[in-house]
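Presented sequentially are two complexes of chain A, the first with chain B as partner and the second with chain C.
For the complex of A and B:
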């Protein structure tokens, strides 16, 4: 019995159970909700959020109030740059990928340097960067018609590739495996947890704290850029501020995955489940025939109820 | 304690001590410089008409920045502030429209609006302080809920506010624009609030929650009161939005949330809590407004304006933090 209770306290188990429960509820409310094709579609949407949340997850793990509010801006910018660079041609895909990842890395680097060298709180630094990115979006969109996704990219995101699953899902799984190995098996991963749980101790143990923290922000920018490219493939063409919808949900996915916002505790596997859970929840609310207002109220209330399951702070004690 | 003994007494310069005592001073300086630059590029912008326009447009953001400051005092944050503005906006517009737009309905609507803001604030406070959820994610969730409520009250934007309401907001009495009376009233309220025990208690909780608790402060209740105050000021911000836009829009406040956070930081308050002033946040909101107008006045091509504004705000945020830290170091 205790073993069962312990199991229920693990965020990953809770998230997986909730996903199953939500799928059942969805199927009951609207038959066909949990059909294989629907689940595949949900996985694609979850992969987009999950890839953004990967970077967010790393930044949060690194502690010192780590958070990246600029991810949404990078996703939007990357989608537009990718569209303009490939412009419907498969031949443009490599250049688009390089260009987008470089852009994402650059903004991540700027965030990281601001946070480490100038010691600006991450929330402030990335909030300011979000403003810059939104301005840049206006500049880039101006005059140039938004480019289209190359057929190869759309196929990668939406069409079956291996065992009936599209490439993006395999990409997401690969990212999940890589991050799990990176965080648990490498020196770098241990350093991330070290600076996240006790920066002072990590510094004394010889961890290059600033370099690791900068790298986390760079990775966050890179993951957001990758998500932006995939988002372009999913929607066919990019439009204004498509990435904004990922800013706060990426943080929620991390929290639902059991990673502490205080840093140093958690991992990406849970975040993947968290992203899936958020996606299924959103999908259920879209299927049910209610007004947008009711949908939002239920969504907000459900998020709050779910949060009660997770990371509640400790009560004050004298 | 050991440090205090080990180190020689610090020879703090006059300016440094001054900034330490008045954290909003860097913001004031930045604001005055921006005002001067605005005046150089567009002399009319510093005339009575120009300043009236600036205050009229940014009074709402000033109030929302003040709202945000009270939760930031305690080390919390409210990402639903903008959603509360939207909700109060549609509630009062819908109420006034239903009551026929008489002067009585305006007063009734404002009372209801304050009640709605207060209720939203208390909900946030309970969720964050009593349920002990993370402020960032919990207030994001409540912001979705409040937006849903706003959409329920008014599914699409466009219901006009009665003329009594926005005419008053844009009117002049004894040759002085209404918004200046509102600004003076705000200054009086803020200075009174700054003298209350609650302000000090919020700062104490933000500085060291555990210490505050151990010295007998009801930490949870104080944080809830901070959110309640935030809700009330968000309602006041909604009145200004309504006066400025003269209509109801269920999504009008959404974009203001992050600007209110930026204004608080620009004003010299620490997001970690325990240090700051509401006056600084008012200056912070004006800095954002002055940056926006300056970018326009220097003739930046329209498509580049957002980028230049974003860069300027980022630079101001970073500069403000660096100056504030030097002063306190």
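For the complex of A and C:
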């Protein structure tokens, strides 16, 4: 009994159990919901969210109210840049990847420098950056066609590649493994936790606090850019604000996966489960004909409920 | 009959007894000095009178009637006004608003601005001519200098017009002219029949303004006498206690080697920074140099500045014969410095993370590692942690699962994998248990014997006397006395700490 209770206290276990529960509910509501092809489609959508949430996760782990609200803007911009650079040609893929990652890194760098050098709170800094990105997207849309995904990219995202799973799933798994290793087996990972847990103690132990924090924002921009490329491959062509839908879910996935918004606690494995859970939930909501605005409300309420849940947990421990 | 009589009050926080038997008899029309070393219970006694701390036992009599001071509001209602040592001003409000804050003049539901200005002006006028440039009734407190803020705090206490006034170190930031003016005001209040408690560490001030003095030692009142009937030396002797007033403790002579023949490990000259100036000293390899004196006289700031955690305004530092400029803790660690803070919660412990991660950061930095492989790291960390007899279940357990003393041992152990040349200890035993202290000092002496240069600041005088080869006494941000050999006595330490800076 105690063992069961202990298991229930682990966010990862709770998330996986919830995913199964949601799949069963979905199947009952609409037979065929949990069919292999549907699950594959859900996994692809979850991978897109999961890749955005990877960067979000790192920024939040770094503490000092770390959060990146600009991820959605970077996803949109990256999709447009990728669409234009490849314009339906496989030969354009390498350049598109380089261009998008550089763009994402640049916006992440700007966020990181604003947060560290100018000491702007991350919430304000990245919200401002989101505004800049949205304006930029409007300007770009007026002069540049949306561009098309290269066939190779679409194939990577949607067609089976290895063991029946498309390349993007393998990319997501690779990111998951790499981040787990980065966080637990490298000095950099230890430093991320250290600055998130106690920035002053980390500085006194010789951690280059500002450099680490800037790098987290850069990584967040890079992951959002990668997600943007994949999103283009998923939808074939880009349209303005395709990435907008990712801001709130990327934060919910991280929090649901057991990473503390206060920083220094958590990891990416839970976030991956959180991303899957949210994706299945979205699919169910769509199945029962709840539209985008309804889904947004439910997402917002979910985040607040999670905060309440974890906040209470902390209060009870103290 | 005494205006305020406190008898037999005590207060314990868990196992720590802050005050075991506090007595104080305050007459109307006198300035009563309260004195005692760090941790003797002065502040606790004041807080009990102010109502911010509830005593476990004992009674408080006001005008002969027993009263319960249940909180700051109750203290105000009873006519007890307090000057707080920790500044309690609202930084973004004006001087006049701060002065009147405890009792704002009202007109209906609104603050009466004109009455407020008039009331504040009366108290500001008391210090006319000594307030210094930039001081104005409508200036916000955050633009004022430290001494000016302290004046506002004094005015705020005076504005309560309470029959009983308590001043907890009101003069620490004031200049001579300001102190003189303040004392004039106190004498006038005395003539009006007010009763005042005055806490100060400056012996000259105590004898200039006090009528009687009560000495606290180790949480109990050990004596009260008329100022006219006593001498500074007598007061210091009461603070020290008879048995410890003579010669250095025997333990110190045995455990501490005093030859100090090694080459100089760290030398600083004319160091200045936040809260200290003109500090010069040299520590030899194998030597433990003690920093003594009252709390907050610059000892901690000097150590933090040397470690690159506070900016240095002036001065030169030589580390093992080469010039060294502390830019950041990171640079300091690379140069071979180590720093252990007494505030482990703020500066040391990486809470929520495994013990291993709390031991390894210095090793990573000094060896420029990029990979953290648990196996080899455990092998490196084990001897460091064992050197301090640390009790813990496993390296993967969170550091929060350890007791305070063992947490501090883990924080210290991080400096033992790659040995530094100079170890700076900033009150390292604050809040840790006796056995952990013993383990820690055994290690410190061993490190010194192996040739490390060590600077030790401790707020516990017994620790300082027992473990230092030499002691520099800090007073007002400067080194005012050096005690070596047989001079390292508690009496000399107190005398130097309490004399006028």
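To be clear about the criterion, the second predicted complex is superposed on the first by the 288 of 318 C-alpha atoms of A that agree within 3 Å, B and C clash if a C-alpha of one lies under 4 Å from a C-alpha of the other, contacts with A are read in each partner's own complex, and residues count from 1 in each chain.
The rule is short, and it goes like this: contacts are C-beta pairs under 8 Å (C-beta built on N, C-alpha and C of every residue); 3 or more make two chains touch, one makes a residue touch a chain.
Here the structure is a predicted model, which is why all the values come from computation and not from measurement.
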| item | value |
| --- | --- |
| Which superposed partner A:203 touches (first chain B, second chain C, both, neither) | second |
| Chain B versus chain C as contact partner of A:132, first or second or both or neither | first |
| Partner chain(s) touched by A:162 [first = chain B, second = chain C, both, neither] | neither |
| Touching partner for A:114 - first (chain B), second (chain C), both, neither | first |
| Which partner, chain B or chain C, touches more chain A residues | B |
| Touching both chain C and chain B, counted on chain A across the two superposed complexes | none |
| Residues on chain A engaged by chain C in the complex (per definition of touch) | 184-191, 193-194, 197-198, 200-208, 264-265 |
| Residue ranges of chain C touching chain A (in the complex, touch as defined) | 307, 309, 328-330, 333-334, 339, 341, 346-353, 357, 360-362, 364-365, 369-374, 414 |
| Residues of chain A defined as touching chain B within the complex | 65, 67, 69, 114, 118-121, 123-125, 127-139, 142-143, 248, 251-252, 255, 261, 291-301, 303-304, 307-308, 311-318 |
| Touching residues on chain B, where the partner in the complex is chain A | 79, 127, 131-134, 136-138, 140-152, 155, 209-210, 213-214, 219-220, 258, 261-262, 265, 271-272, 303-311, 313-314, 317-318, 321-322, 325 |
